[in-house]
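Take a look at the structures listed below.
Below, chain A partners chain B and then partners chain C, in two separate complexes.
Showing the complex of A and B:
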């Protein structure tokens, strides 16, 4: 048998000439080459050469300038609040990313730590118990208590993985909600009277009403009382946590978390104490969530149970998964996209809705984006889009010619009147066929039927393939526009908003399962 | 003779009614290369799982350098100096080649999470050392795991390179004894030959004591100081390759017939 074949002499070549065509390295780098081709590739290649710290600093400065911009608008306070809430969600997404993204632990009890932070701060800085400690003392205390609680709750579940861990931690999260909503009548086994205590039960959490009149952040006599102050406090928290987590991710502990995520047994065989690492990941996430909780309590000047329920947890999960689990930038981007674009952008009658035309930009833009992202080749996409436009115009002309009812009704929202004029309004009016009295009361029944028909059409779409699917897609998209304009545009502040968020997420995640910035994972090869 | 590095004394392990390992005695001396052979299901991998703490023996004792390993969790046993590779490759597939090796340095680095975040001197020093260690362990395989491969995810590696990376990862735990579970499985003849030479090099250059499970008799012949044959969890032969390979009980275990009947 011959010796090991020598490697090709040119295996180690200088950077400029690159590997020989056909060699292992050349094959392995084919992805890089195609990624760096074309204009987009060249731009992204030069972006990659910029030091990461400089990019980070640039975005921090950019975020810090948001209040200066919002001060120029008439709705300074509103935009500051949206910014603060978005940053708060970014903080929560970063914390959740430690357990879910790094260590791969499906921790559904995460929301409890957010709540512990808020209630902890509320109890120690409000009239509730007459304790008014300063924020510099309460914040570290609450964060440490929450981290310890994270350890404690992770302790019984440290041997569980996957679905089992999810169920147990969800249970802990629910317990927190129940304890908080029922915590207004706490007694010692119902024996308070028999024990001669001063009252039959105590009110600890305020129950469903929560704790109101919570103090503002007070650092050594300096009180943060304006929206602007909370924006900056939250921004500083996000920056510090982001930097800390990205350093943690690159440390031996970060590597061990990722190893544990890939293969817990192998990680253990390679000298990593997996149980301790799990506790550490959940504890660190709990600390970040508690920090966010204290900020939220001081911002709202109260702690209310419904800010810490499972619905909020699911939204934070949506942010982490949309951004790409395991990616810190992804967590922040996911939080900003979901909160600003989807949750606030879809809400009608807000200052932001003037800019999004009551969420129309989000909905039509979302549909268009999905079509562009999923339909190949370009010819097919072009044909479908042309078909959608032609179909709409034809329907509009037919309806306008055949009924005396009118076909140009469109909701007029905000100071920018797309209903009466404006090019978007003009386009929508001539594409859809909306009755003149669309928004008058008593005209709901046909629109409800349209919504049901839309749902049926979408379901049928999933069963079809090939040209039939393309053909059916045309009336479906048109009907989606019709249903949005006649029904959902008014209702988007309620649960409809979350349904739309869910629909958008399903489509985005189908097109890009690893999330916006995540790397595709390989589980078993 | 000095104390053996690894010593199994009457180790037994049963799963339900199945006696996987039955009163097994085994010693491995410092600097030795010992091969474990046996038919499928003989209990070879179970033996490795017992030594590395994945399973706890029902009876008997496992000693490393005179100290018992029984009852210690796997990561503690690895920190004491026992590292293994897996028959069914278990790399950290989504981590880069270099990170796979660096991750295994966890056991002999000390910097806490706080130190790493604050980049205190100890964390920075350990990080530098871990980098150097990974480069050193990967360079053991010539150019195969070097250069551009460092930053590639482990899942992009070929099968043979995955086996090599497993060995590199195991050595990064700074073990005294390496347990290699079928290092040549699924390799072509050239690669198998390379592995045979590599195991010798691991002892010479790395100073590791090696316990290896192997089916390929050419490899076993090429590397072993001593061969141990087990079947149904019982040691049926022990000695040099020639002694074990011609032992009638070993032939019977593999071929299902007695040597007498065959001749």
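Showing the complex of A and C:
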């Protein structure tokens, strides 16, 4: 499903300007064409013949074997946790996909439902209020409450254009955060004493400290207490939600959502209950988010406000958009890629980022992947890469010859030593001119300037075409490496990760709105 | 219990100072000051929405960048305690630079994030997601470039602190800084109103916001109008950023998102797409917020704004000045 056949010559010309005329007919025949198109076509044709359920089962079994694999490593607990969090994000991405992908509604309060799930579970089974209900009772209760909350919130904006929904829900997400952080001193207009309550101020949410000592999941006397148990609990939740949503997507309601997505007015004219469909999409998403929230609270044994703020919302959006909105497989793949590579791979000093050498290979690999995907033919790509290396080495030699300490910092590559790598190791150490200990001396201004220059160069690149772009690409790629090594890598666990996630939203929307796995929309004119 | 007795008991909830007239008037002045700031930012949201039907999330970040530019100009000129030039010139330079910088940023955002999507006739949700990405990127970029602790304007130090001494006009006590913010806000709004009402470009803007396709058929360069709209809106936001810094002493990377959200609410409450609506909506939100701070709790000020938004969406969805738009097919 991921293979997009090459465009016919006429479509390729008209692609850049306006809608593609005749593209719908061409798409209709794409199936028969791809069946005959070379090795890739034959492989994908035989893949198409495998039943979808079998493919699904294969990947579920594959995922279920991950704990067996991680048990072989020295960091079993860490990898299990990364796997669980990745699956949790996959669950969240699936839920967000209902509103954003299926129905085309920009639900920015999604993070609040996740928080409602976590706080609901934390309040009903922890020492906070001394209530210790079992998980089989709390989870359905919290999920239903969250779905109702989603209904309620979408109600005032249901008759209006989608942008009002965006602003109301975004605001609601903020309000949730405020209420949770302020909820440790609730006083009903100072009348608690009059109402016969024992305290002047109620502590409902624990405020900025959150709620600690939350119970583990407890089903009929069985308690899920190990990392491994939570991995499987989350996996089961993902599988169930995935199956339910793919059935929903194929149902009458799913088709109605797609109609709503494409043209709400036309859908209404076809006598579809547009308002109800919107509420249903938001409510279903809210239910999935609340389910994820209960798992998160039980996994962390606590509910903390900073797990439910706008940054996490943007992370989930980046996952859905990267994978392709409206595509369930895309949402799961996007979540796994973003969590494993960008969130864990860039976090310093974890077993995973030791492998990626503090995220270095993620970044360079990403740049290389984008270049491979966008630059044709191959010899142009080769010329550009050779140019980058030549440019880098030349700059290194010039800087080393003219200044005293300008090129003292060689690539510090973590556990891997490139001290003796022959000519390849020499190139890796010398393609950038890095001043030694940039941060220790407190010099930030030149590297900040380099970062701004990099952004300007990238923006200028989007305006250029032909050889001028290829030429400018050489210093840009070099500068990207320079800025990464001197400035961004030092804050990789904080703003840099989030900056890259935000950039994903812009770049995917501009370059490939259907995401990595989605199919391009066909505009019928 | 008898309702009247209940009401008297409720009054007991307030502190004594909260029940004086002067406190009420102080809140009024604070509200109008806040309102003129929100109004300036809301104008940018409203203008862009009127023409492109696009909720420009990044507008709050443009405001934030304006505030930072003002801070760096001030620091470059010696800081508030020891300015190298007369204070009036320092402040004028801060405003000029921040407005130019913010204007440039706004135009760049339009050029690189929104125009490519417009060319492709992307679905409606695409520019919204892109706008969200731009907003988040600028916010994180500001954290990287300027650091996460807020930058201190130290405007208390201006002229020995005389900017914050209250003066009395009739029954009102008002700080000179508040007066300055209100007057500057009103002047900028008046300039914008004249520009939109009287000039050729202003007429083109009104025509484009009325019907973008018809306007382009009448020979209006729609792209140029959109650039001008982003430029003006962002310049106003930049000026508001400096005003915010002078007023509240500091500027931080996350302030843009919060203030932008409130200002957008102001635009919705006033009637999105309407310029007097944005100003009046800003005033309404500013007053609501300042009374919420004064009489309820500063922690719940945003909750108050949210309640106002929900009430308006339920009772008068088109806002104070908005005309309910008929759906066209």
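Please note the rule applied: the second predicted complex is superposed on the first by the 398 of 525 C-alpha atoms of A that agree within 3 Å, B and C clash if a C-alpha of one lies under 4 Å from a C-alpha of the other, contacts with A are read in each partner's own complex, and residues count from 1 in each chain.
Convention: contacts are C-beta pairs under 8 Å (C-beta built on N, C-alpha and C of every residue); 3 or more make two chains touch, one makes a residue touch a chain.
If you're wondering where the values come from, they're calculated on a predicted model, not measured in any experiment.
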Subject >> Partner, of chain C and chain B, that touches more residues belonging to chain A >> reply: C
Original post:
Is A:274 in contact with chain B, with chain C, with both, or with neither (first, second, both, neither)?
Top reply: first
Original post:
In the superposed arrangement, which partner chain does A:265 touch: chain B (first), chain C (second), both, or neither?
Top reply: both
Original post:
A:284 contacts which: chain B (first), chain C (second), both, neither?
Top reply: first
**OP:** Look at A:244 in the shared chain and tell me whether it touches chain B only, chain C only, both, or neither; answer first, second, both or neither.
**Re:** first
Original post:
Which holds for A:92: it touches chain B only (first), chain C only (second), both, or neither?
Top reply: neither
**OP:** Identify the partner contact of A:256: answer first if only chain B is touched, second if only chain C is, both if each is, neither if none is.
**Re:** first
**OP:** Figure out whether A:298 sits in contact with chain B (first) or chain C (second), or with both, or with neither.
**Re:** neither
Original post:
For chain A, what residues appear in both contact lists, the one with chain B and the one with chain C?
Top reply: 19, 261, 265, 521, 523
Subject >> chain B-touching residues of chain A, taken from the complex the two chains share >> reply: 1-5, 7, 11-12, 19, 25, 28-29, 244, 247-248, 250-256, 258-259, 261-263, 265-274, 280, 284, 519, 521-523, 525
Subject >> Touching residues on chain A, where the partner in the complex is chain C >> reply: 17-19, 100, 104, 106, 108, 156-157, 159-164, 166-168, 170-172, 174-175, 178-179, 182, 189-191, 194, 261, 265, 310, 314, 317, 321, 325, 448, 451-452, 455, 459, 462, 487-488, 491, 494-496, 498-499, 501-506, 509-510, 513, 521, 523
Original post:
Touching chain A in the complex: which residues of chain C?
Top reply: 9-10, 12-13, 49, 53, 55, 108, 112-113, 116-117, 119-130, 132-137, 139-141, 143-145, 148, 257-258, 261, 264-265, 268, 299-300, 302-303, 305-306, 309-310, 313-314, 317, 327, 329
Original post:
Across the complex, what residues on chain B touch chain A?
Top reply: 52, 54, 73-75, 78-79, 83-84, 86, 90-95, 99-100, 102-109, 111, 113, 116-117, 119, 123, 126-127, 130, 142-144, 147-149, 152-153, 155-156, 169-170, 172-173, 189-190, 193-194, 197
